[in-house]
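Below are two complexes that have subunit A in common, paired first with subunit B and then with subunit C.
Here is the complex of A and B:
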């Protein structure tokens, strides 16, 4: 109690020096929470968007399918069994057939992955209903990026060539029924969505699919001859990217924190030199050396408490405001191929705030304790004279 | 009854490759309630002797027994306990805590004794009454004169009602009027409370108040005079 009271009085008494240290430390504290909150917000939005647009509650893969190996796509398809059809009818699963192809927009050749989807599905956010009412023409929906890259608009026709089940080439002109926009680049990039029945007919793969996407109400269970992949597995790449972003954030926050802690360390060293007489007086009045070390440690550590309070004064309104309006991302940020919304809404969890607070308090206390240990070696008689030892 | 016993006390400090003898074969006893001064020029060993009695330093040879405790054998914690319970210090430069008010400065030793708030308040007000500073309880040391600061220091030393008060050149920074006031206050406390006062001084004004005068020179006692038996 004495240590806390004395620390408070000394900190207030030190005036500008205290407030400079506290300001830098509070800035580090707020920035740490802001950055991590932004990454967490991004992470949550991106995971939700990826699940909504691409992976659902998990996927069942044809056993030979490997998303990283396009050579497997040719053979990665199998007949959908009757129990699965029942699940599809109930809206618990939706099948997707994958076929590699080339398209020829304006005479150029470009690889494209034809994805056969059920126009009636509601599991993914894809606007597949646009495929429902096609006339005699073969229609497809594509993402805005693919459309922009190839200068394709709604109603345009593009020649597409593919191999059928037996490896024979075939070609057809496909009409762009609609163009959609999503935050998930992997849904758009190089993908062309067709009615699954049409694609099955085009390839001779009647009633076949490459993957099955599980919906929200789907009770996940083993399906014979299909390998289940959890959302965590399907988001491995994204999680790795978020981890690397977090590591970058830790380095940045760490550097800022180190600067703030150096200022506290410096203040503590100066304090111990300047306040030798005071230290001697404490000892003369009957304090043990460890109690005096405690006073100086608490005093240094108290910077972090003040920093948290000051940080709260400007940080809380700032975070509330940011949470309301969000942080707009650069227009071309999705072109990097990562899932990122136009506006990120930071997410500040209690865990994040408490862990940041503990990190700042503990590290400030440690750097305060380090120079304070010197007090234990001071001779009280010399300290009373104010002699630097 | 002897409250302090010094037997063949020697204190040496390392200086360069050799040693400096600050106290040389000191043999002194102090009874409870004495009002004693250690006089002598600078470097004669007065402060060193007070520091050893106050358990801030320990003898190189010989023994210093204070309140039946051998200073040389005390651990840091035991020495702190002895100072906390039984010894009050008054310094030439007052050594008040600048961020605390007068009340808080005087209250500080009682906080270390874990006294409750009521006990502390009563004791602090009583100590400030002794030194006539009850009207300055909210003042900070920077707002006080030198004489007032020293009176606060006396109140701080006396508030825990110690058996021994060690005063190192308490009037050195004060003018004549304040010096007399301070000494009269200490003399009154010595008589009323029976506290043993031990001064180091080379101030003539102090000497006229002392009951016993011990002269030191080059770390040795050269005279020990009891003025008022």
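Here is the complex of A and C:
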């Protein structure tokens, strides 16, 4: 108790020096929580968006399908069996047929992946219902990015050429039924969504699909001749990117923390040097050396408690405000193919706050203890005289 | 009696026309196809700002094997292409690597031209995969031509139908239009010069145009052609690509 009282008096007595240390440490603390909260918020939003727009609760792939190998797309399709059709009717699965094609906006040739989707599906957020009321014309929905790149608007027609299952060319004009916007670039980039029945007819692949997307309520089980891929598998690349971002954040906040800890270390060294008479007095009054080491360690460590309190004073309102208004992201950040929302809402978990707090307190205590160990070697008589040892 | 005679005559004329059409197709194949051939040619690709010319030499045996080596410009020199049945490999000297072209890459253009790799691979004889009908006779570029309509008799062919303007004297298609299943015109092929090599006619200057794309298409110019030569078998191996 005496150690805490002394620590408080000495810290307050040190005035500006204490507050400088505390402010740098609190800044490191707040920045650590802010950065990790932002990454976690991005991670959560991106995972949810990717699941909502693209992967659902997992996907069943035709065994030869490999999303990283476009060579496999041509042959990766098979007939949907009757039990799967029942699941589709119940809204537990939705089929997607993939066909590579070229489109010719304004006479330019561009590769495009035709994706046949069920207009009645509710598993993915894609506005597939816009394909439901297509008249005699073949209609498609496309993402805003593809529309902007090719100067396409709703109602425009674009010539699309593809090969049917036997390799014979076919080409028709496809009308853009609607344009959607999503934070998931892989859903928009180079994809054109058509009614699956229309695409099956166009290619001669009657009742066939390349992948099946599982909905929220679907009981995940093995389906013969289809390989199930979990959301974690489908998000492997994104998770790896988040991990690398987190590592970058650790380096940045680590550097700031090291600066703050260096300041505490220097303060401790200076305190022990300047307060030798005080140390000698404590020992002369009957305190053991370890008790005196304890006083100085608590005093140094208390910087971190003060830093947490100061950080809370300006950090909590800041975090609440950021959580409300979000952090706007650069408009072109999705062009790099990364799933990122226009505005990121940081997510501060209790785990994040406690782990950051513990990291700051433990590291501040360790750097406070290290110079205080010197006290154990002091001779009380020399210390009382204030002689440098 | 009069009507029966007209019907019989009509049926007879249809059968004569059908026979003639297939004969024309056979004669075109006789001109265009050979057991093997070595062609040195140039390809002029017209871009938006400028045009560039690529020369190459191609060794072909039947419809299954083909080997092309690009001779100029310096940037493309040494690039080689090998086609064996339905597989295609390209060797690039700058990377010293051989890659197989398949799937969606087959739809990409050859050296930026209007011709795709899959166009270059489709070498089957017309008479084997199309049924022809004469739909008219007219004059094209001051030459008397048959106008033929070709419809595919097999499913695994790139173009569902074609329309040809065939020189009545030389049995060379002077103009050809290639259509998709939907009837959409996809490509156009025009011949501006035909020369006689031994006992056959062969187009030596032509233009190949992707009708869905803007631009002037790609000009092809045959510099020299030799038929039924002795081509060593090792040329049609992947090892020959790196030599």
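Methods note: the second predicted complex is superposed on the first by the 389 of 389 C-alpha atoms of A that agree within 3 Å, B and C clash if a C-alpha of one lies under 4 Å from a C-alpha of the other, contacts with A are read in each partner's own complex, and residues count from 1 in each chain.
The criterion applied here is as follows: a contact is a pair of C-beta atoms (placed from the backbone, for glycine too) under 8 Å apart; a residue touches a chain by one contact, two chains touch by 3 or more.
Just so we're clear, the structure is a prediction, and the values are computed from it rather than from any experiment.
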Clash or fit (per the criteria above) of subunit B with subunit C on subunit A: fit
Which of subunit B and subunit C A:2 touches, first, second, both or neither: first
Cα-centre angle that subunit B and subunit C span when viewed from subunit A, reported as a multiple of 10 degrees: 150
First (subunit B), second (subunit C), both or neither touched by A:384: first
Touched partner set for A:155, first subunit B, second subunit C, both or neither: neither
First (subunit B), second (subunit C), both or neither touched by A:280: first
Partner chain(s) touched by A:288 [first = subunit B, second = subunit C, both, neither]: first
First, second, both or neither for A:171, with subunit B first and subunit C second: second
Which of subunit B and subunit C A:12 touches, first, second, both or neither: first
Subunit C versus subunit B - closest C-alpha approach in the superposed model, Å: 74
Footprint overlap on subunit A, where subunit B in one structure and subunit C in the other make contact: none
Complex contact set, residues of subunit A against subunit C: 70-74, 100, 102, 104, 106-109, 111, 159, 161, 163-164, 166-172
Of all residues in subunit C, those that touch subunit A in their complex: 102-105, 107, 109, 152, 155-160, 180-182, 184, 186, 210, 212-215
Residues on subunit B engaged by subunit A in the complex (per definition of touch): 47-48, 51, 54, 56-57, 76-77, 80-81, 83-85, 87, 89, 91, 93, 95, 97-100, 108-109, 111-113, 156
Touching residues on subunit A, where the partner in the complex is subunit B: 1-2, 6, 9-10, 12-13, 277-278, 280-281, 283-289, 291, 379-381, 384
